[in-house]
Amino acid sequence: MTVVASQLFTGISIGAVLLLIALGLALTFGQMGVINMAHGEFIMAGAYTTFVLQSAITDAGVSLLVAIPVAFAVAGAMGVLLEFLLIRRLYARPLDTLLVTWGVSLLLQQLARDIFGAPNVQTRAPEVLTGNTRIAGDLTMANNRLFILGLVVLAVAALTVALRLTSFGRRIRAVVQNRDLAAVSGVPTARIDRLTFFIGSGLAGIAGVALTLLGPIGPTMGTNIIIDAFLVVVVGGIGHLRGSVIVAFVLGVLQSSVEYLTTLSVAKVAVFVAIVAFLQWRPQGAFTLRTRSLA
Amino acid sequence: MKWRAAAGFALGAVVLFGVAPAVLSDFRLSLLAKYLCFALVAVGIGLAWGRGGLLTLGQGVFFGLGGYAMAMHLKLADAGEGNLPDFMELYGQLDALPWWWRPFANPVFALAATVLLPMLVALALGTLIFRRRVRGAYFAILSQALAAAMVILLIGQQGTTGGTNGLTDIEGFFGYDLDDPVNQRMVYFIIAACLLGLLALVRQLMHSRYGELLVAVRDSEERVRFLGYNPATVKLVAYVAAAGMAGLAGALFVPAVGIISPALIGIVPSIEFVIGVAIGGRATLLGPVLGAVAVAYAKTTLSERFPGAWIYLQGALFVIVIAVLPGGLASLARLLRRQPHGRLEHP
Amino acid sequence: MSTIRGRVAVLCAALAVALVLPGCGSKTGETTSTGVTIDVSGDTIKVGLLNSLSGTMAISEVTVRDAIVLAIEEINAAGGVLGKKIQPISEDGASDWPTFAEKAEKLIKENRVGAVFGCWTSASRKAVKPVFEENKSLLFYPVQYEGLEQSPYIFYTGATTNQQIVPGLDYLKAQGKKSVYLVGSDYVFPRTANKIIKAYAAANGMTVLGEDYAPLGSTEFGTIVNKVKAAKADAVFNTLNGDSNVAFFKEYKSAGLTAATMPVISVSIAEEEVKSIGTQYLAGQLTAWNYYQTTTGSANDKFVKAYKAKFGADKPTSDPMEAAYVSVYLWKAMVEKAKSFEVEKVKGASDGITFQAPEGLVTIDGATQHIHKTARIGKIGDDGLITEVWNSGGPVKPDPYLKAYPWASGLS
Amino acid sequence: MDGLSIRDLRVVFDGFVAVGGVDLDVSPGDVRFLIGPNGAGKTTLVDAVTGLVKASGSVRFGERELLGTEVHRIARLGVGRTFQTAAVFENLTVLQNLDIAAGTGRGAWTMIRRRRGIPENVQEALETIGLTGQLDQAAGTLAHGQKQWLEIGMLLVQDAKLLLLDEPVAGMSHDERDATGELIGKVSRDRTVVVIEHDMDFLRRFAQTVTVLHAGRVLSEGTVAQVQADPKVQEVYMGTKEA
């Protein structure tokens, strides 16, 4: 019973990590249709920000809390720069955006290698986040994972509020639904695009801060996880966050359960098979057609 | 135009069969053989992506299937009848050959499998994906996930696939000793001949009615549907053909290089296949070939001198070529010649 | 058009056949290769350095390259080998096994080097092995590995299993550990190591409570640590590689598992890795190697001092680096004993050559081309250094196929 | 020749009723104009007939039920359509466009070979739409009107027996309109044609019958004169004298 509960928690927390990574993508890919392969490197930037801040602020707890907004700003700024320099020229060519941003991700990785060195760097976590909380009997939950779960809930809530209730959110949704009409109605679409990209990339930075609690901090840390996150958004569907949230947790629990019963390799393959099967049932690739014109 | 195509093939034949073997050392010729294998993959990607709009980021999977099929046969031939391949005795602790290895002892089956196996996998996956109108970036990401899954699967079955090591130490090629430089040369000629033959085939396909239809599907899938075609079928043909070419390339890569491993299959090598195609000109016939060879050559020579610089260059190539010159260098050549006949070639 | 194209096709086919048929060389089994002659003209002797300078393995392999360079510089400063200065030619394996094979071939055939030093992963060694055998050229491989190999053209200066894994198990047994849990990356070394561990456990009254593998580069260890925790083993034998260790130990600590309750003994974590994981997570855990930066002796003092002077005071030295450093000196000694750079003569001179290495006295075993090494169990301290808590008392004879161990009879 | 018979056609998007129970009969050989204000459901109706959007009810062309049939199969039954923005393959030549449209019945062997010469039906269509001179021109470089004609030409070689034309003369010059009208007249001799159109002058000159849609329902139906006299129609087109 303990095992089932702790596995369930592991699955949920895997889902939380996935979601934290995918949240920014849900915004840039889901809302804008931009496939940014350098998203993983924005995560890396967030992690390295934590590392740099820790050498300035020695207290692990304080530096972690400071790192969250700073990493958001750093990664967000990188995102805006990328949008401004490259992506805005490529809105009509999504596949090319994918390849261009892949190139950017290679550049950023090598840049990180040259700045911080090829080996991983370490950050110290505040002692409280390396422990765990006893729930009942033998059942414990890791504090770092609880922290990430909290962070995700907060991020999703903030994003939902921002999209639903603020004028910025209304404008984003207007642009998503009908870019031309929004432009004609006086929405500054270019500025909205940039702002959306800032937030989406900034969320990657926050994910990077969170990942320092779980795994290695190195130049290639972003590439390993980015494909899973893209799958979350692909399956979750475009245009709304709800799908991504559900899919992230379902995939997390699926992966951890299959892994528990077999191996991680089998679990990863199982997730892929499940996704292809799901797309048979609900193909997200078939977006709504503009019926009056096919051009 | 007709004489130009013929002259082009003749020139290609002279370069590949005459000039290259004459001027290159055995070692450099074997490198060229490897590059030509990548070029074979590139021709397929050019067809699927340049003409069909299918950005496949998982060609490594098909390359790997072809390569493993070939390597399995060669390993069995090396081991001799009734014996297990060396790695299986070491890591597999198996008493007998796994059932799915057995058919590969037959050379005809193995040769056929190098091309048909990738095509079958592409057919199955393509049917599932295209039928549900999954396309564009969704297709690209799924194909990439396929590559990741395939690598994990191969590595997890170490006893029967060689795991991360892959299949190495391949000594013979249908009875010929691969250590012998003369035989290495023979392998090179086979690869070059396959490339030329395939180019002729793909050229035919591109100029056929199907080639025109494929471009039509790329440009407006829905319109084609309203004409009474099923675009899924049209795309499937290109995807399966590209998979077959990648499988052939993988199969030829094995005797040329002597190894097939998951390192050639995953996400990174799969996307590296694409960059050569983009640089050369995705929708042209020769662009992908020249691009793939140029990129592979640059990788070898640059990494000999400046290891880090290669990654910067590779990244910069992706960014600059695709953002600024989506038609690749082929379009640059055309711009210079001011010949506006590249109608099929601009996506 | 089709006739023209047809003619071209026929022409191509004819050309191909014409060139291929007479080109058919020897059949398998007829050995023809005589190897490549080494370039001994000039006043330098070239050697190849084959390491990943880019890609995921660069983290580890760059330090090995640095150690080799250090040895070469020291030897050159002392007058070189047989009156020739050593000229290193460095190639990047790029963490990609086929690239290793390509570069090895380049070093041998184009540069005609006297020997090649390098490779880290078993996969890269397996990829280059046929290249060295086919060209009859020498590779010095400096990393502990899974054994079960004995190529006539490779010298193994890292530990084989009976110099690292078996002593590690002996130590656990002596500490009264009755059960272990095995965690490893999914590749050859961990799988083979675990096979040996299971055979050892069966013969020594230990229980293996579980065995889990994570794909290389995997950083998600929630489930595996859950399994480990539920198994309540006395100790964990860890053969994870690279990045995965960071995630594993962070998860391990979060689960409330400690070195006191369930120690982890690792065989791929050296000083460099400790730095990137953090002592916060590692302090008190065990490692099994043949060398630590803290190993005592004047040879090591000199090595550590020279290394830090050249590459920076914050750069630790580690076992694979030391083994790589030693390999250059061993090659030098072999060449000098053979009074020739010729591969077969160098090989012939190898047996019994000794060297006072930073890890202590090492001796080449000519029969296996491995070296006698002292096994050492270390404990990771709060300062990031590893201190020895046990050693084998003297160099252990290499036994790559574990022939001297009755319990291992079914393994190879 | 077959006619189109629609019964109780409903299309609902996320609760919004775009077409709410339309009954419509177009007899064989008719040239039926569909008119109605924006949002009346004209294009949605054509979308439903061609299988692009899900609908309930019944749409029969001849004896065949079209609802629930895949888009490309509906097309193969002889139902062809054009789009408001001309949807031709801009990177292909006029000849290639027509040849593709003519080719759904071709076997694999024909497909993987080159086209030799110009197929007979393509040649006829070229003459009908008057683009013989633009044979090798890229469709993307054609004038606006020519693109629309090419699209109609594609329906002809496709051997469509029911032509659904969505605003074929929008944005055309006066001469182009006349030519288009004559083209419609020509092709309707052995085909059934449905035209969505706003241009009342064009309608008066070329429509045989007219159906007025309003808010997803049929408001009025009949000849041009009958419809124009219908007070309900006048009410919907408040003040717009032409209606």
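Labels A, B, C and D are assigned to the chains in the order they are written; within every chain, residues are numbered from 1.
Quick note on the criterion: a residue touches a chain if its C-beta (ideal position, glycine included) is under 8 Å from a C-beta of that chain, and two chains touch if they have at least 3 such contacts.
Keep in mind the model is a prediction, meaning the values are calculated, not measured.
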By number of C-beta contact pairs, the top two chains: B-C
Remotest chain, subunit D as reference, centres from CA atoms: C
Chain with minimal offset from the mean of all protein Cα atoms: B
Subunit A and subunit C, separation of their C-alpha mean positions in angstrom: 37
Averaged-CA centre spacing for the pair subunit B and subunit A, given as whole angstrom: 32
Inter-centroid spacing, subunit D versus subunit B (mean Cα positions, whole Å): 44
Interface hub residues of subunit A, defined as touching at least two other chains: 113, 263, 265, 268, 289, 294-295
Sites on subunit B at which at least two other chains make contact: 152, 155-156, 204, 220, 222-223, 308, 311
Residue numbers of subunit C (touch at least two other chains): 1, 186, 213, 215
Complex interface listing, subunit B residues touching subunit D: 204-205, 207-210, 212-213, 215-216, 219-220, 222-231, 343-344, 346
Of all residues in subunit A, those that touch subunit B in their complex: 29, 33, 35, 86, 89-90, 93-96, 98-100, 102-107, 109-110, 113-114, 223, 227, 230-231, 234, 263, 265-266, 268-269, 272, 275-276, 279-280, 283-286, 289, 294-295
Contacting residues of subunit B [partner subunit C, same complex]: 2-3, 5-6, 9-10, 13, 17, 21, 25-27, 30-31, 34, 78, 90-91, 93, 152, 155-156, 158, 163-166, 168-172, 175-177, 179-183, 185-186, 189-190, 192-193, 196-197, 200, 204, 257-259, 261, 263-264, 300, 303-304, 307-308, 310-311
Touching residues (chain side subunit D, partner subunit B) in the complex: 50, 70-73, 75-76, 80-81, 83, 87-93, 96-97, 99-101, 103-104, 106, 110-115, 138, 154, 158
Residues of subunit B that touch subunit A when the two form their complex: 53, 55, 125, 128-129, 131-142, 144-146, 148-149, 152-153, 155-156, 220, 222-223, 267, 271, 274-275, 278, 308, 311-312, 314-319, 322-323, 326
